[in-house]
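Next up, some structures in structure tokens.
Next, two complexes with subunit A in common: one pairs it with subunit B, the other with subunit C.
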Partner chain A sequence: MIKVRNLSKRFGDSEVLRDVNIDINKGECIAIIGPSGAGKSVFLYCLNALQPHNGGNILINGTDIADKKTDINKVREKMGMVYQNFNLFSHLNVLENIILALVNVKKMPRAAAIEKADKLLEMVSLIDKRESYPDELSGGQKQRIAIVRAIAMDPEIVLLDEPTSALDPTMVGEVLAVIRDLAKQGFTMIIVTHEMNFAREIAHRVLFMDEQGIYESGTPDEIFASPKKPRTIAFIKKLKTFNYNVKSFNFDLIAMCARLELFCDKYNIERKTVNDTNLALEEMITYILHHCYKRLQTPNIDIIVEYGDIDKKIAIEIVHNGKPVNPFENIVFMADGEGSDTEDLGIFMVKKVASDINYKNEDGLSKFRIKI
Partner chain B sequence: MNISTKKESTALVVTVSGRMDAVTAPEFEKSISDFITQGEKAFVVNLSGLEYISSAGLRSILACAKRLKEQSGKLIFSGLQGHVKEVFSISGFNGIFKIYESDAEGLKGV
Partner chain C sequence: MDILNKIQGSLYANLIAGKSYLLILSGLKITLLITLAGLFLGTLLGAVFCALSYSNSRILRFVSKSYIVIVRGTPILLLLMLLFYVVLAKTRMDAVYIAVIAFSMNSAAHIAEIMKAALEAVDPGQIMAARTLGFTRFGAFYHVTFPQASGYARPVYQNTVINLIQWTSVVGYITIADLTRVINAIGARTADPFFVIFIAILIYLALAYATYLIFTLTDRKKRALR
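This part shows the complex of A and B:
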């Protein structure tokens, strides 16, 4: 249905896409992931000729979209586009937004267009908002309307560019539900997304874009569980990690814990593991700050928390450039009443919640690896 | 962290909820310390709403206990749950302090 051959796209001197090749079949759901600036949006814009390409060919059902004889409006009618920022017309109400192109471009009678819009609004449970203006809707509702507007034209392909990234986290779910529904109905879809779990769930094929093109592609399992090429491996690994850097004695513990919570939520990590991880981090940072750095030094403690998809365990890596001490070597702590020596209490607790602790001193850096 | 109190005949019931970590533990220590200064001697600290505690929290508890001991006072805990219960157990604190299931039992234990 879509054939892309040696596609290239430049902006001035910078080549954003080079020699991109791909075939997309009818009914396929493709997820595009990759770092910012990789050309994911530009690739979508080229596909529906919102931006002209500089080399190669894009064939939609055999029609070359850059061919002078091609009626580009006819080609665009076959493609519905959903943008990150909704792009609804603010001076038109929901119904008018949806039927505008149906009436003006498709020349559908107004009554039939309204009937169609109402059906679709029911599908996304927004029929009671048909008279509302975009400003009166939540982000999630606006995006559901934008999706309805795109599919009202009966496109053969729906292109979605980060449809949930402008949304409040509480509204992501309702929009993903609508997209999931479209996938089930067998729409051909290309979705650029940062929602990796979602991509993994609905896509038939995942394209990882980097280095001016499709760097690696495969089934969701191939890309997410066993990527082959170095940049894909690094990207996927980074997704599964929580990174934090402590650069001051007055580091923001509350913010760190809040971010750790978000990370753990994303992977549905059980409460006990979250608390144990939190405890290990707080105790380790406190210990390192007070035993490995002098008051006037600027600390530099790097923290990486990694969640293993396979063993479902958390691994904490802590690297610092302070005085090399292994606190686990010689723990003095005895709970013997109110007079207990609590100097090592924190480290003692880390040892209790960890299943494995590893310390090494390498190139002037102290490295801990703690498994929870 | 949130701290609320209720005066009972034998003790002051102090209910602590939220997190007791390096940031919030001093707050707990200060409240208890203030009550001691005001003349309170027996405390039942209800931790059923406490979600998280680190060594900083445990140290504050020890500091309070120490101050109370000097005045022959009492520090008793009730309602420990999940993570907090576990931390009390791995740190040996459940051997140092009297811990009860409920405030009522704690008050009887004073």
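This part shows the complex of A and C:
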């Protein structure tokens, strides 16, 4: 159905895609994952010639889309596209959004178009919003309408460009449910997504894009459970860890804590552990910034938080390139359990919440490993 | 009673005596003619200059840009005088036509700029969405870009129309007997210009309000503006 041969795409001097080859069969559901900037979206945009490609061929049902004789509008009619930002027509209400192309491109009689739109609106349970305007809808509703608008044209292929990335977390589910439905109905689909669990669940094939092309591809289990190539392995591993890098004395502590909480939420980690982790991180960073770096130095502190599947414990790894100091060896404990060194109250607190602390200094880097 | 009598006398002298009201009506006709013709041609010409500024040719873009900058920066009265006394002086063209040309040129520059701003305000993502649904370039423009851009342009365009009505009051300089000039003549004749000027102000006010009404009544799809 879709054949891509040696596709390449440049923006000015930077090459985004190089020699991409892939065949996509009818009814297949493909998920594209990968780091941002890997050309995932550009690849989608090339497929329906929203971005002209620089080399190679794209054949949709045997039609070369770059061929001058090809009527690209006819090809696009067969390809629905759903965008990250919905792109609903803001001057039209929901119903008019859906029937605009049916009436004006497909030349369907208005009454038939409305009937069809109503049926689809019922399918996504938004029939009572048919007279509403896009700005009266929530993000999730907008995206469901955008999906309906795309499939109303009876496309053979549906391209979805990060359909849930612009949504509030509470609305991701409703949109994924609709997409799941489409997959069941046998649409050929290509989804660029950051929802890994979703990709794993519905895709027949997962493409990991990196280094200007399809770096690794395989079944969801192959990619998520046992990736083979180093960048895929690193990417999949990163999904399971929280990473943060402190590069300034005035780093954004609140943002870091918020992201850490999001990470913890994913694993249903209990409240007390989350708070302890937050506390340990905050105190450690504060200590390192004040004891290991001079005022004018640029700090470089790497933080990796991992959640162990087996021991159900959080492991914090902190690596910094400042003066090697191990605050934990100097702490003297009084008989009543109070730390003697009041200046290092923070360190004392870290010690209290941690179950295991490890310090190493090698190659000029100090490494802490703290288990909560 | 004395004052009332005075007012009555003054109104009679300025409006009725010598059929002055007919004069005022003919002045109003000229004002409306220049405004409407200037607006119509100005809008067409403005659309042309707006289109030129998106042309692929650098020369055409330059032409459009310089036209807008120069004409917008030139007082309309000087433009009128330039056309009347210099450029079109030998053609013996009716002064009213010259005024129409001048006001078309002037409003074209403003309207081109309004159109450009409105087009740029349209979300490119929606145009892209229209293209992916199979619309041609023109189809996407006609069904998505144009309705949205005209929604954005509407309030500014209305403003331009009202400005245009008032600026036509300077055409008296090139011998045209428009509303303002007629009023001036009547006032000079009766040596009692207060009421007639006051009435002229009311007429201009009515024109502005009528413009506002026309825009509001035709603004069925107000929602598109949001």
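As a convention for this text, the second predicted complex is superposed on the first by the 249 of 372 C-alpha atoms of A that agree within 3 Å, B and C clash if a C-alpha of one lies under 4 Å from a C-alpha of the other, contacts with A are read in each partner's own complex, and residues count from 1 in each chain.
The definition used in the following text is that a residue touches a chain if its C-beta (ideal position, glycine included) is under 8 Å from a C-beta of that chain, and two chains touch if they have at least 3 such contacts.
Every value quoted in this text rests on a predicted model; they were computed, and no experiment measured them.
Once the two complexes are overlaid on the shared chain, A:Arg149 sits against subunit C while remaining clear of subunit B. When the shared chain is aligned, subunit C comes close enough to touch A:Glu77, but subunit B does not. In the superposed model, A:Leu50 lies in contact with subunit C only, and not with subunit B.
In the superposition on chain A, A:Phe198 contacts neither subunit B nor subunit C. By the touch criterion stated above, A:Asn87 is placed in contact with subunit C alone, subunit B being left untouched.
Overlap of the subunit B and subunit C contact sets on subunit A: empty, with no shared residue. Residues 123, 125-126, 128-136, 139, 143-144, 147-148, 151, 221, 223-224, 226 of subunit C are the ones touching subunit A in the complex.
Within the complex formed with subunit B, the subunit A residues making contact are 253-254, 257, 271-272, 275-276, 278-279, 282-283, 286, 334-340, 342, 345-346, 348-349, 352-353. Only residues 19, 21-23, 51-52, 54-56, 58-59, 62, 65-66, 69, 82-83, 86-87, 90-93, 95-96 of subunit B touch subunit A when the two sit together in their complex. Across the complex, subunit C is touched by residues 48, 50, 73-74, 76-77, 79-81, 83, 85, 87-91, 100-101, 104-106, 133, 135, 146, 149-150, 153 of subunit A.
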